[in-house]
Each structure stands twice: as C-alpha cells, then as structure tokens.
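Common to both upcoming complexes is chain A, partnered first by chain B, then by chain C.
Up next is the complex of A and B:
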C-alpha cells in the first residue's frame, strides 16, 4: 500500500504539473504570465464538484468537462483581453496585470456561484473534501493512481500534438520566431487561441486534480498559484516540458518535505510547509539558473553526441 | 507588380523611411542598396506589415496592401526571406520546409519540397537535422528554399550575403539570378554587398538615411563612380 503522503503528493504534484505546464505554454506563446490560472483552476474544481454532487458518479467522470470549461475561460480571456493587448504590442507587465483583473472577475463569479449553490441548492461548496467521493483501487486511493496516469496521458497527447501534427509544428514555429511564422503564412492568431485553449484546459484540469488532495475552497487557486509559478520558473520558463517537470517537482517536494522533515524535526515544521517547495526552487535555481530545462539541455546534447559517436564507431 | 508610393514608415514613433517611392517590375530583379542603417530592412518590413506605416501606399498587383498582416501578405504570394532569423532553428530542415509551405496541400508540399531539394541538393543530406546546426551558407540556402516553398509571385530577399564567406556569398547571389531566369520570379533584393547585387540586378535604388538618392538601371549605378564610392564602398578599377 502506498504511504499517505506519497498518495496525496502524487495527486497534488500531477495537478501542479498540469497548471505549471499551462502557465509556461501561455508565456512562451503570448508572453503572458497568466494570473487568471488561479481562478481557472478553482473553476475546474467546481465543475467536477457540481457534476459529482448533482449528477453522481465518480469525480473522474467530470474531468473532461473541467478541461473544456477551462478552455472556454481561456478563449474568453484571449478574445476579450489578451488579443487586443498583443495587437497593441503591450509589454509583459501590462499583459500580466490584465490577467490579474480577469482573475478577480472569475473569482467574483466563483463567489456568486457558491452563493447560488449554498442558498438555492442547499449545498456546502465553500469547504469541500473531494476525496470522500473517491474510489479505492489496489488498496489505496483511486486518485493516487488514476490522476497521475491521466496527467501522463494528457501530457503524452500534448507532446504528440505539438510534435506530430501540422498545427502543433506551426505552434512550435510561432513560439520560436513569430515574424518568420507570419511570413510563412501561419496565422499566429490561431496559434495564440490554441495556446489559451490548451493552457486554460490544463489549468482547470489541474485545479480539479489538486482538489482531490486538499480542501476545495473558492480560493483554492489563489492559495496554490505561487506554486504554479514556482513550478514554471523551476522548469526554466521557456520550456513546456521543463514547466511540467518543475510543477511536479514542486508539488511532490511539498508533501515529501513535510513528511520527512516533520518525522525528523517535529510537527512544528507543518507551519512552514509552503516554504519548503519555494526553498527547493531557490536552491535548484542557484545550482541551475536556467531552470531544469537549462540543466537537462547540455545532458541531452551530450547523450546525443555519445550516440552519434557510437553510430560512427 | 509592386509599387511603393510616398512611404513614411518606422517602428513605434521612430520614423526611418521618408517619402520613399519605388517600382518593382514583374519578372525582374530590383535591387535596393545603401549603407548600414539606411532603412533597407524597414522597407521590406513595411511591405510585409511588420513595421509602422505613418503614410503612403503599398500596392501589390493592383491592391493596396498597406498595413496588411504578414500571414495575409504571404498568402497573396509575397515571400519574405529576412536577414536574421530566417529559419526555424529548433525545427528540422524538413519541418522548416513544411512550415514554409504551410498554406499548401500535403501533396503540393511534397512536390515543392522535392523541387527545392533538387535545386539545393546540399539540403538533402540534412533533412532530419535541426536547422540550427547548419552552416551559414546552408542556412541561407534553406532560407531561400523556404521562400520558394511559398509558391511566390514576389520574393523579398534581405541581405542574403551578409556574414557569408565571399565564395558562398557569390554562390547565393548566383542562385538569386537563377530564380529570375529559370523560374520567372519577381525579386526585390536588399543588399549591403552592393557590387554583386547590382551585377545581377535590372533596376536599382540607392537608399541613404531613409531617402531614395538614386533610381535607374542597376548597371548605371554600378558605373557611377561618385555614388559607388560615396555610398557603396565600391572603388574604381
């Protein structure tokens, strides 16, 4: 049987890797640090909560809907805000602040939605333990097996999309050189829109995952957004795969750190649980200022060099 | 084929071009030469919609395309090969060719890629290598090949010979003449290495500090000792 800290840690880290990957994707395509990721993640949790409570079944049934809802929020953000600012060649700060405004709007709607659930449907949506709806698999929580596998499946699909399809290659081309992509006839508008669809979807899916490991509240996204950004920064900010890995490391570090440090130093460590992943991020960045992507790039090229020499020999 | 009329353009609030007018006749090579910082690249960026146009017109095949989005210009048949960042370094050579032919059907992309690799056989060896690993000359060949993938009516070529060894630069410029002679493509060539460009050009413009100082036959500009000495760094034989 899986230890409890590892089971919860895997669920939380899977969610964080999706959200950090989404943040990185939006940054490398549209230069936008998306603060609205916070409320997009919270909406993902509420979509799954609503579906599970009102229509029954396991929470996993509602994950595709959470992704689609997040994608819709992403499209709205792009069309109503980001697109206009990109056309006006707004700087990174303006782009970032606009998403903070959008986040506050989404948060207001979350509060209104919670009021509706509370007063009209007589539910208790402001402190939710989603794990009560979970199922047991192989003697452990279903979430600790299903959600990491789902994250791997989603990320594999994303990898195949951006490496094997024409539009995915166009996305990579636009990320690298948007001027040349435009000169090649690629409409960057569609590329940016697709980034918001995928980024928004990943945010909401990640939020729904995280709610299976922690208490679901209207500020679930607000409390976890520093770690989403920490994951993206740890990944190197310019690499999608780096962001995904960074999110996973930050997420798992929080649970592992608390567990092992509390065992050694006592329960007072629990009060500092949020500092642990940020400390790990700081230490990693001191060792690898370019983030995890910057650390593995030389390793990959060294391996390729070895392989080439091997073939030549 | 292309007319630029009284163009005032630049970047943001900075004006680089002042009342620039030029004509690019079909199936010929029009060369724009001038010293560094004269506004040659800005001229091409203005045509492609990558610069800020304050006033003036850019007319392509009878349609005013001033302020057009770059991808629309590309879809109209204008193929821009920039001086810097003219290949996708992180994509393979094959992916670069596919991206350059983004608006073509898969069958057309295949045919065009075969045509391009026949024209530049050196690329055949590197189809699955990342473009960032190619040498300067190979990259330039790939960039021209990508320009050709777009089935262009008009090619805008920016400083193709810059940073290349003289022998490679000569070969690249010779390829440009081939595009006109064998494929009948209209070319607007911007070059700082004026002599070689003027040798293959039909019409020429001399751009200095955002102003057109000469327009006429390329050969005449090459043979004007005063202008050639003052602005093009060409010494009399």
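Up next is the complex of A and C:
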C-alpha cells in the first residue's frame, strides 16, 4: 500500500520526466528551448480527457493518441517555424521566442476548444479531476502503477531506438557533431524532424500523465513549464537521460518535500509547493552557471569510460 | 536580435519613415474610434497603452539595449503593484489610527478602511499629489531592490539560462502574492486609496493624462539614457561583452545597473496600473500579461528601438481593444460555436511574435545603428596619426 503523496508524486514525476526529457532532446538537437512544451502538454491532457469523456473506459487507452497528437504539433512547429530559423542560424533567444509565439497560438486554441466543449457538449473542461476516471489496482490508484511503468516502457523504447537503430545512430551523430554527421551523408533535416516528433509526443504524454495527479485546466502546461525547465536544467541539458532523471527528481522532490514540510509546519506550506522545484533550479544554476553539463560530464565519462560532448561545447 | 547589423540609410524623406507613417496611422485610427465609439474607449486604449509603454520600454532597456534575456518582467511589475497595494495605505491608516497590521489586507476590514483613506485624500489636493508621488517613489525603490536581488544569482548566466531563471523568479513572486494573504490579500483583492478622488468628476480623464505624462517622462529619460555614454556602454556589453571587459568595463556591474533601472521603471508601471484600477489583485499579475505581451509589443516595434516600442504598444493595444469591442459583430461565427472571441487576443499575440521572428526580425521601426565615432572624425584622427589614406578611403 503506497502512501497517497507517493502515489500521486510518482505519477507527477513520471509526467515531468517525460516533458523534461523532451525539452532536453529538443535542446541538444536543435538548440531550441521549447516554450511550446506548455501547450503541447495541455493538449495531451485534453486529448485524453475528450476521449475518456466521450467514449468512456479508462484514460490509459487514449495515451497513444495523445502521443501522436503531440508529435503532430511538434512536426507543425518544426516545419512552419523551427526549420526556417535553424537554416538561418538564428540565435538561442530567437529560437526560444518563436516557440513562445507558437505556444500562445496553441493556448488560444485550447481555450477555444474548452469553450466549444462547454457549449456544445455541456462539459466542464476547465476544472477536471482526471483521477475519477482511474481504476484501482492492488489496493492503490491504478495511475501510480500504470503510468510510471508506461513511462519506463516509453523511455526504454526510446533508448533502444537511439542506441540500436540506424536512424538512432544518425541522431546521436548529429547531436555529437552536426557538421561531421552531415559530411558523412546524414540528413540533419530528418533528425531534427524526428526529435520534434519524439519531443512533442513526450510533451503531450507527460501532460496527460500530470493531469492524473493534479487538476486539469487550460493552463496546466503554462503553470508547470518552469518545473519542466527546472528538470531539464537539473539534468544538465546535455544528455537525454539527464533530462529524464532531472524531471523525475524535481517532480518527486516537490511532492515529498511538501508532504514532509506540511507535516512539520502545517498546511500553509501547500501553497508554496512550487518553491521546491524552483529552488532546486536556482541552486543548480548558482552552483553550475552553465547547467550541470559542466559538472556531470566528467563524472559520466569517467563512469562510462567514454567522452561525450554537448553540442556547441 | 539586436538590430545592430542593419545598414544605415541617412537620406530618407520623412514620409518614407515607418515610424512617421505608423504614428500618423495610429492617430487616424484613434480619431475614427473616437468618432464612432466615443471618448471612453479611446481613453481606455490610451491608459492601457501608457502603462504597457512604461513596462515595455523598461523591458527594451534590458533586452534591446543591454542584451539581457529578461523573461521575468512580471516580477518587477508585481513588486511595484504589491508595494503600492500594501504600504502607502497602511501608512495612512497608521496615521489615522485605523487598523494597519496584517488585518489591513483582510477583505472584511479593507473595504471599510480604504474608502475612509480615499476620503481623507479627497479632502486635499497637495496630500493627493504627495501620495501619488510617494507611491511612485516607493514602487521605484521596490523595483530596483527586486532587480538587484534577482541580478545577484542570475547575472552570471548566459542567454537562455538567464531568461529561464528570471522567468522562474517571476513565477515565484506571483505565487507568494497568491498565497501570502497579509501582503495583498492573496486571492482576494486589496483596495488602494485613490489619490484621484480629488478630481472625482473627471477622474478618468485625469488618470489618463497623468499616465501619459509618466509614460512620456519614462520615454524621454530612456532616450537620453540610451544615447548617453552609459547607453553606449550598455550597447557595448550587448554587442560584445568580451570587448567591453577588455576595455575595462565591469560587465556584471553594468548589467546589474541596467536590471535595476529597468525594474524600477517597470515597477512604476505596475504602481500606475493598480492606482488606476483602484485594487491590487495578485491573481491578475500573470507571466502572460506582464512578460510575454510586452515581449510581443517590443518585438513588433523593434528590439532596441524606443520609438518603435511605443508604436508597437499602441498598435497592439488598439488591435486588442478592437477585438474585444467588435467581438460580436466581427467574430459572430465563433460565438455560434460557443467560443469567446476574447481568445483571439492570444492568437493575435502568438501570430505577431511568429510573423515578426520569421519575416521582420528587426521590427517595424528598426533600431538605428549609431557609430561610436562619426566617420569624418575617424578619418581626421587617422590623418593626424599618419595613417592618411589607408583608413576610410
């Protein structure tokens, strides 16, 4: 029997690790800090919500669709925006701002979609407790078992894809050194496209996960995006696995920290829960101004006996 | 993004200049709005534009002139808004012997105390003016303090890292405002004593005039500042911080100064906004409205161009207000689906950012490149030192 904070903490942390992993992946391939992760995550939640409310059943069967929808949003962002800017060698801030514009457009569509659901289907999509659709497994909520396992499965697949397939090797080559990869005949266009597909899909999947642990609102992604960034920065913005781990640590630390602090100091702590991930991020940045990349890389390479280099390092 | 690599063309006629054309177009649009919808709508546009001009100009000082990726503009605005919501009213209450402690922000007490204070202010014009100036001063001090505080851990970071940490700081303050009720009432609003009660009959007009004057002063100040030696130092740090360091400039100090000045001005904008609205609502200060929208205004106007920023703010404020005003007649097809056309505001802002980034990276009124020394001076100096014909032809 899992304590309640751990159950929802695991769900939330799995979601955050997927989103932070997506942010890291997009950053190491395309140098883009993706603000649109916010609305992509919210869209993932609304895909699952719509499917569950309209067609019944558990929310879990709609997760693949959420992934596909996020991937679609990612592809649109790449083809319409990111690709052009990458060809122009735009700087980091320009890339970041372009995704912010895309995020606002997506946010407006989310709000309009909510209006539509409210009006035509008489639903209440602006304050959703997804956990009411959950099933019970082994005496605890199904989400706390199914979703972390799903996250592990997705990440294992991703790992296999990156390490065992030819395309994955091409992706790693482009991340390591895009110029050399291009010279050896790898089409970086496809690599960037693929990372937007994976990154977008992970964002939507992560949003759908997080909605199982917290109240689903049209600004779900908007409120959690600093935490996604926190996870990615803790992971060092250097390797995909770092981002995934960073997101998980940040998410679980928030739930655990709030639970134990509230037990000590009283329930007023609950309102300040977001201080924990932001504090983790601030400490990381103060201690390692270039992110943990500089601090972890030597350790990782010593452990694994091979030297990895971040893009642009 | 700085606009520094744009060629200078000096022999433009005044009718070929974007800023003149857009400025005149805006005046025309405002006149048409006034004729068809009356003065109040124009005044609403003007007060919104004035407040956001202050905030966006301050953002432009940090982003456009210093090269700091400020994604936490909301933080300084909040500092100004909260301090004006929390402190001056309490001081007045203290001198009048009304409750001024934590209970001041309690909504059951606050709605009785503040009207008494407003009446007190209404009784004397000098007191009202003094109160207003005190609010601005307090906001500027609070803003500068917050700017200094955030600069400490953040200033050594680069580009996107700096932007994201500033964004996180802004969010953190927002949550404090939402949760810590004794400050400004948490999720309920705190009323602000009204220094414009003195001119009750024409309060709205006077507020608009004061706001425009403040915005104009901020504009003139920043124009002077960015053309001064200090401004050129800021540009140097923006364009190449290594070169600035080589020239003996303390980059961290200069960035900190820019952040403090920018934050103080943004805080004045926040103070003006809450005094105009009469309430401080913590929930109203969001990252979207007070960080992302100023970014959109600035990008449309032209990053680094003070004049462009003013025009960008005016254009988008007019566009936003028109969407809201004509939502039923223009976007009735959306309302048939139950969709509120208000959300088109978000679409507009997003599209503006995207289109500017893709097609107009320097904005409507690109920042002019100022050479630090005019070419003839360089030539003369070269001749004096015997380089003669080799430099500058």
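Note that the second predicted complex is superposed on the first by the 280 of 313 C-alpha atoms of A that agree within 3 Å, B and C clash if a C-alpha of one lies under 4 Å from a C-alpha of the other, contacts with A are read in each partner's own complex, and residues count from 1 in each chain.
One rule holds in what follows: a contact is a pair of C-beta atoms (placed from the backbone, for glycine too) under 8 Å apart; a residue touches a chain by one contact, two chains touch by 3 or more.
All values derive from a computational prediction rather than experimental measurement.
*Asks:* If you tally the residues of chain A touched by each partner, is the higher count for chain B or for chain C?
*Replies:* C
*Asks:* Is A:129 touching anything from chain B or chain C once the two structures are fitted on A? First, second, both or neither.
*Replies:* A:129 contacts neither chain B nor chain C.
*Asks:* For A:184, using the defined touch cut-off, is the partner it touches chain B, chain C, both, or neither? Pick first, second, both or neither.
*Replies:* It touches chain B, and chain C stays clear.
*Asks:* So, A:215: does it touch chain B (first), chain C (second), both, or neither?
*Replies:* neither
*Asks:* Applying the document's definition of touch, where does A:166 land relative to chain B and chain C: first, second, both, or neither?
*Replies:* First partner only, chain B.
*Asks:* Quick check on the superposed pair: does A:156 touch chain B, chain C, both, or neither? Answer first, second, both or neither.
*Replies:* Neither: A:156 stays clear of chain B and chain C.
*Asks:* Going by the contact rule at the top, pick out the chain C residues touching chain A in the complex.
*Replies:* On the chain C side, the touching residues are 1, 69, 153-154, 156-161, 163-165, 167-169, 171-172, 175-176, 178-179, 287-288, 292, 295-296, 299, 334, 337-340, 343-347, 349-354, 357-358, 361.
*Asks:* Under the touch definition given earlier, write down the residues of chain B that touch chain A in their complex.
*Replies:* The contact residues of chain B facing chain A are 48, 50, 69-71, 73-75, 79-80, 82, 85-91, 95, 98-100, 102-103, 146, 150.
*Asks:* Which residues of chain A touch chain B once you look at their complex with the stated criterion?
*Replies:* My answer: residues 166, 169-170, 172-173, 176-177, 179-188.
*Asks:* Write out the stretch or stretches of chain A touching chain C in their complex.
*Replies:* Listed in rising order, the residues of chain A that touch chain C are 33, 81, 84-85, 90-94, 96-98, 100-109, 111-112, 115-116, 118-120, 222, 226, 229-230, 233, 268, 271-272, 274-275, 278, 281-282, 285-286, 289-291.
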